Structure formats: structure tokens, C-alpha cells
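This structure is in C-alpha cells; I'll ask about it shortly.
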């Protein structure tokens, strides 16, 4: 964790020799001191993945020219796809909620305590219930009640709102509405959901009831990017906890809340740090 | 853990007042000092579950009369179903294997080292491969190659063998054959399987491949009693471990082996200690 | 979890026959339906521990007479020490903090969201920093700056305040002051602390720095009742998480915060549910 | 995991720009395709750590010249210390035991089952008890009874034996003797011990008894390289499991055995894969 300005490249391309040398040589010649370098080769798919973060102090290319130069001199040569980020970088997150407040409280507390340097300018909900929480933390709260008939109209208004607030990342903090494919396509790999089960076990509604019914000895929670297939997007983080016959469905819900808070927070942190690279339906987490 | 002789009652019945008093009074009046008592009420189903273990030293009813007296004086009054066990009690276990030896080695080591006081007089397999392990530990090894055509005939021979060896518990230690309903019915809640996934995720074949494909961040193993529905029997124990994008399918298999050994061993231990009560498709583990 | 009124007895005494029968008979004769019964015998110390919770609907003794009758008819006969509680019961908790807000936010969020039915009428601190959090949640905030010279005087004022607010339980949520033995003696087994290490490893100051220095692969947090010996009181709950060489001290602090929140919340929950029995310097958690 | 021949470099040196570029350029120019590259910078100590593994197929330097060329062309330029390994490479391990067999069985099973390609030509003990296990697996077993008087003489004989067997790694699998500094100095960072507690909690003798006495809610096991300070060497791996008041010391010992097996096996695996770099009293695990 350094206060000075650094740059981050997330790269993937078909594997071949010279990739690490090509990137590190590019940085070295321009005076870039590497802070973190993490690479991964998937031998089955023949793919190369890399995250490199370097100090911008003493780097000879100005920040607004790095992307272009890297493309021309390195990426084009190796057929690399890449994303360039800077840190620290202002990040703006919208939280979508319904009626349950535990994940929302956890997220807002992390921002208020200074643990996270993320701006949350707006909370969106299909219910008015959690306006009181938004007010406690001084955040705008917009209610869009959703029915079968008004869904696409409401989503259009939500998208306008998100644009107005210049939102980078949408977090569904137990938001109990399914988003349309059109909405999802507007924020590809930028909508994080928390699902209250250890996916792929118990997708869909009422997973704690299903877990209780099945008599599992461990329950879990899963945070994933939202795709058009329900609860089937790329998994970012999972965690579990032990349960027993003593635990009622109510106990599973209580224990699960703590999992949900933890897993969603870790996923947001990974995303915010630009440590997640989505490839196919899987994630590489450069942790 | 006491060396002296003790008795164990596993009880379930519809919940009502007076059940604990009825049982504990019965034991107390006959001089039975309770070593462990564990009870559980499932309020949804209105069912009462209990495990009680008491010292037989000073108990006024001879061991071979306890079941009858308890039935007449207590169980019949409360519509209880019960099972009576004694500890320590000779227990005889058969292990079914195919080609993978890690669970077999773990089980045999626990018996040889004196950790478990369980007799394993026979190992059954559909392949000759692990005969060498059986010989290392001086245990009979019987091969029953199974094809679609000979399956029921082979299972009849296996059942005869198990009877001849007076087997109480069958452990499927990565046995890669599906048992017929008829075979399973001969050992109800006495066939323990280890499945190499966190059920109900990834039932059936090649779960590590499926887990890798789905990009989960945690893998698991599950031990359950075998029922006629594949990988759907009552779960006795589960455990998980963390994985990442770095792990190939081969790594999942390697990490999973340790889970399988651990989970199967714990399930056998629970069963052997008479700590498992099956009700519906779930288990109460009095641990 | 039942909405109706129930009573809870926490009992310990030297082990002998007839204890479970004595208690369950007492309850049964007066129409008490047992909701949970958990007992434990420590064979080394020859001690018997029990927690029993029963439905007061249909129980023939009025609530304010139960303690006396139980003492006369059961406890005195068996030399039992016992505590009697009722549920749901209003519980009043004071939180002591210094400058770190994560545990405080977590506690207040659980109360505000309705997860816990615990009243927190007052927050006490040796610093003014977290007054803003108290105000967000509408809770009184009192600052008592503590120096070597004024410590006993300030503690007397704190005790008066706690009495005025009728506090049952004091929670030290990263409160960075050592309480005097006299203060501790006023709330025996009613002051819960969260220590940011896996005790008994790394007691005292800066445990994350020590953990980093030692190169451990797992860090932890411990909640315990405060006694006059620093970080040595009876442990109520512990939890751990994995770390690696990649994690700086700053990362340990960040990961540790989540452990601290979780462990302290679980300890408060156990205490609030009357599931903790302290014996010697250890706890029995009837979970 | 590939069957073909690969080379591994473990490197550390003071951090500066150009290190990754220097190494990757060296490999790339000679046709070396990188299979894994992992680097870590410790900003506090200003140190750079790296593990790189590359395919030797197509690499233009013969294996027996790589070390020299890397030293001359790269390491000397950057003041790097490095170790060069090849994989797969025959590895020869000696196991030291006393009377407990569980870790020994686990290690031997992993070799016999083909999970590990490690040769164990000899088992050393201060007791004759486990000769029977050695014989089950067809391994030489040497007994060196150790007393205060004969310790240094016996250790000399042991060292001769280890040399005769060309041992690379010594594993203390619950070996209940303290090795002398002279013995330890002969195998620096090549003696792995398993300690049956979560170090630094409960070093020395009878840690399960101490853990029970302290009333911890979690127990652990730790594998570390042996140094002249007891139980204080660089930690390679740790794992924990939950316990409760229900568990007697005997139960802690039983549950701990499974931790010990698992932790020691993981540490051996890391060492065998050349994934451990010791720096100061800490380890970097390139996992």
C-alpha cells in the first residue's frame, strides 16, 4: 500500500515466450519500478494472464500516454488485451438494496471508518425501507418500485441515474430483483452480487431453506459478477461456515448474514484494487 | 473416553413434556450414572432426538435385559423409537475400493496405529490393483469385477461374503461402482460413501473437473449414507478447502484427496461412536 | 427461537447420579416443556454443567418464584450453583471504544437492523473521536480521558454512569485502556474484550506487528471476559484467517479487523443468549 | 505439472528496478518459456524475492551450465543470491520418529500411492517401536537410543548414516528428541519439524494439555524448519481446527493428529516443489 501514484496493467493473451520479458523490459527502460507482478499461465487454454503494478515516480511516460504507448510497443506485438488503471484513483460505487440492511451497513461502515476510499454517492432500492440507513450516512436514496409492467422503464431511469452519478461499480447488496440482460450489458463485469449460498449449490430463491432441507453441514455465500444467466456469473469470492442439526433455518439465516457481509466486502475490495481479471466465465484473482 | 463398559441409547419420538425426565428417571432409579446426554428438539417437525450414554458399573439391569425393560417401561409410553448400543463394542467394517488408495491407506493406518478399535477383516474391490495394500496390512482382499451383465450376481456374492465376515458397516472408500437398491437395502444407514465434492454441488462423475470449470474458490468433500438416489443420502460430514485460479484440475484432485481422507475418517468415527441418528434424509450428529 | 416467554437455568455442581433426573423431574412435574437441554461432565474435575431452557407457558410456578423453589427443592439437595434467566429479556449493554470504529459500527448495525434485541444506551470513550458515530445512531457518548493520575477517579465516574444507565454487559470494542482490578470486580464475567490475536499467542500491545515478525501463516482474534490478568481471562470465542508472506502488517490489520468484528459479535451473542458458563478460567459454551 | 524437464530459480536480493526484466530477458533470449513466475517485494526490508520455473525444451544452455551463466550474466549484476533446481528431480528423504505412527503412516502412504515421487530409503528412531511400520513398507529402520551421555556420539552416527543414504531432507515426524545445534547446522533449512500447537502459542512439551488448560476454542499444528532455538524456526505451514469444552485432552490429541498429518504433508510438498525461500526467520511460500 503506497500513497504515491502507481499504474496497474491487467493483461491477457495467448501464451508464448517473451511475454514477461516484453512487459518488464518496457517498464524498466522507462524507469518504472515494479511494485507487484503476478502472472499465471493456464496450460489447458494456452492463455497468459498478468497483473503488474509499478511506481509512476520516475516513469518517463506521462500517465495519459501510457495506454497508447503500451498498445503500440507491446500489446500489438503479442496480441494482448489489456486494461490500464491508476491507484489511488477515485472510485464511485452505487449500492442496490431491497429490505435487508446488514450488507449495506457493512459497506457504509467501511467507507465511513476510512477502511475503504470509495465514494458511494447513491443507494438505489425497490423499497423505501432502508432510506433511514441512507440518511444516517448522508447518502442519496432513490426508490424505483419494480413490477412486471414497469421493469424496463424503471431500469432506464436507473441507468440514467447511474450515469448522472458517474458510477463505476454497482453492488447488489441483497437486492431482490433480477436485472434485465440490457441493464447488465451496460455494466459488463461491473455489477457484483452476493448470493446467499455456496454456488453452484442452491441457486435461486430461499437457499437457506434448501440447505436446511438437504441437511448440509456447511453453508456458504458467493459473490459473483452478474451475467444474464441467474447466479451463474464469474465467481469472485466464496466463504463458508459450519452448521449442524441444532441450527434452524433462522440460525442459518443469522450465520449466513455474517458470511454475506464478509464475502461481498472481500469481492468489492478485490475489484476496487483492480485485482480481478475475468476470462470466460472464471476469474483470475491476483491476490 | 472411559475404558469401562457403558451403554448408549439413541432415541427419537414426537416431542412432548416429560421425555428427558422419563429417560433420566429410568436410568437414575437403576443406578445409571449419565456420562453424556445430548438432546435436540426440531420444532418444525415436532420431533425429539436424544443420545444418552451411561456407565454400566452399578447399573442394576443386566446388559441383555436393558433393551426389553427400556421398551416396556419408557419407550412404549412415549412412542419412542430407539437403538441400544454398548461401548466398547467390537465393530467389524468392510472397505470397498476401486483403484485409488489414499482413503484406504488412511483407514488402515488408523486401525493399525491403535487410533481406532475397529476390525477390518475384508477389503472388496472391482479391481485387483489394491491387493498389494491389503497384503501390507494383512487383510483379506476379494475381487468382484462388475459388468452390466453380472452385477446382481456379483452383488449376491458380495453380500454372502459380508455376512460370512459378520460386517456391521460398509465403507465405500472411492469405490467407483453404483450399488443396486437391493444391495443398499441390506445395509440401511450402514453404508458410508465419500463423495469428492461439496454436495449438493457437483454430484455424479468428475466433480473436480466440474468445480474447475465453474471457477469455484472453495472445494469440498462429503460423506453420506448411501441410498438408492445417487449422492443424495443423509450427509454425515463435510469439509472444504480454499482453491484459486492457480490450481489446475490436477491440483484440485491433489487437495481434494486430503479432504476425502479427513471427511471419511470423521464420518466413520461418528458412526462407530453411535453418534449419528438418521431422520428423514438428514442426520443428527451428537458430537 | 421462540417469541413466547421461556426460562433458562445455568447450573454447575460436583458430578453424581440423579442430576439430570432431578432437574428434569422438577420441570416436568410443574408442566415445563424443555426447549433445549445441554449438559456436560468434566470427568477430570468431576464437575457437572447444565443449561436447560423451557417454555413458561403452562409452567405452574410464577416467574418470580422459580429461583426460590428451584433452590429449595433441587439445588440445595445437589449442592448446585445456578443462575436463572428469562428470554426474551431486556438487555442493556455499554460499549467502550477508543479511536477505532469497525467493531463499534458492527455492533450498532446489528442492533439497528434488528438482528440483536439489545439496548445500547451509552458509549464510553477515552477519546472524542467516535462521537460522530454515536450521533449517527443516536446514542449518548461520554468521554473520560484517562491518565495515570486520574485513572481511579475517572473509573469511579464511569461506574456511576454505568449504574445510572443500568448496564448489564460492558463490551470493550478495541478500548485501548487497561481497567483496574477494582473496576473489573464490579462486573465479574460481564466485561467482554476483543483481543486482536489468537491468544495465548501475542498478548499485549501490537499483536499484528508481532505476528508479522514471527512469520505466522494464520492470524486470529479472541474474545474473552476481562480479569485482572491482562489478556488472560476466560476465552469465549476465537476465529482465524490465513495470511501469507504477501501480507504486510497493514494487510494483517485489515484482515484482522474482519476477524475482530466477527469474534466479538459471536461472543456478545453467546453471552446475551445466556449460553456461557464460566468455571475456573474456562468457559462452557452451550451452543 | 508437466512431465518434461524444467528448471527453477529461487532468487533474492536488494530491490531495485530492472530485476524482473533482467531475469526474464535472460530466459527469453535463450528460448526459455516461463511456466510460473512469482515475485514478491518486501518494502520494509527493501528486499526482492522471486521464483521462476521454465521449460528446458528449447532452452539453449545445457542444464549443467545454467547456474554458471546465470551467475555471470545476471546474479552478479544485481547482487542476487540464488538457488537452482530441476524438476522432476530425485529427492531423498529421511524420516525421524519416536513412538507415534500417524505422521509416519501418512508420509509413507503418500509415497506408496504415487502421490509423491519422493524416495524414503531410511527411517531413524530413538525407539524400536515403529520398526513394524517400516517393514510394512519395506524401508530400512535404524534405532539410535539417545541419552544425555551418548547424544553427540549417536548424532555423529546418524549423520554418517544420512550421508550414506544421500539424504536431502530430514523430516521429524513427531520425533521426541531435541537435535543439537551441530546436527542442525549440517542440514540448514533442510530439517522439517511438526509441532503440535499453533506456534508461537504453546511451544515445548505437552501443548495439548496446555491448550486444554487455557480453554482455547481452536487448536493448531505448525511445521517449521528446525533451528537451534526450540520451536522458533521459520514457519512453513500451519492449520487449525475448532474445539470446545466438550473435548477432553484426549480429544484434542485425537483431533490434533489429523492436523499434524496435514500440516506436515503440506510443508514437505512445498519444500519438495522448491517453493520455500527462507529469509531471516520467515518464509516466502511461492504457492
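Odds and ends about this structure:
Letters are used for the chains, namely A, B, C and D, taken in the order the chains are written, and counting of residues starts over at 1 for each.
Simple rule for what comes next: a residue touches a chain if its C-beta (ideal position, glycine included) is under 8 Å from a C-beta of that chain, and two chains touch if they have at least 3 such contacts.
Being a predicted model, the structure only gives us computed values, none of them experimental.
At the far end from chain C, in terms of centres built from Cα atoms, lies D. Chain pair with the larger contact count among B-C and A-B is A-B, by C-beta pairs in contact.
The distance from the centre of chain B to the centre of chain C, each centre being the mean of the chain's C-alpha atoms, comes to 37 Å.
Centres computed as Cα averages put chain A at a distance of 41 Å from chain B.
Chain C has residues 43, 246, 248, 287 in contact with two or more other chains.
Interface residues of chain D, counted against chain B in their complex, comprise 1, 100-102, 105-106, 109-110, 112-113, 115, 133, 136-137, 246, 248, 250-251, 254, 257-258, 262, 265, 287.
Residues of chain C touching chain B in their complex: 2, 15-21, 24-25, 27-28, 31-39, 41, 43, 242. Residues 40, 42-44, 49, 198-202, 214-218, 220, 234-240, 244-246, 248-249, 281-285, 287 of chain D are the ones touching chain C in the complex.
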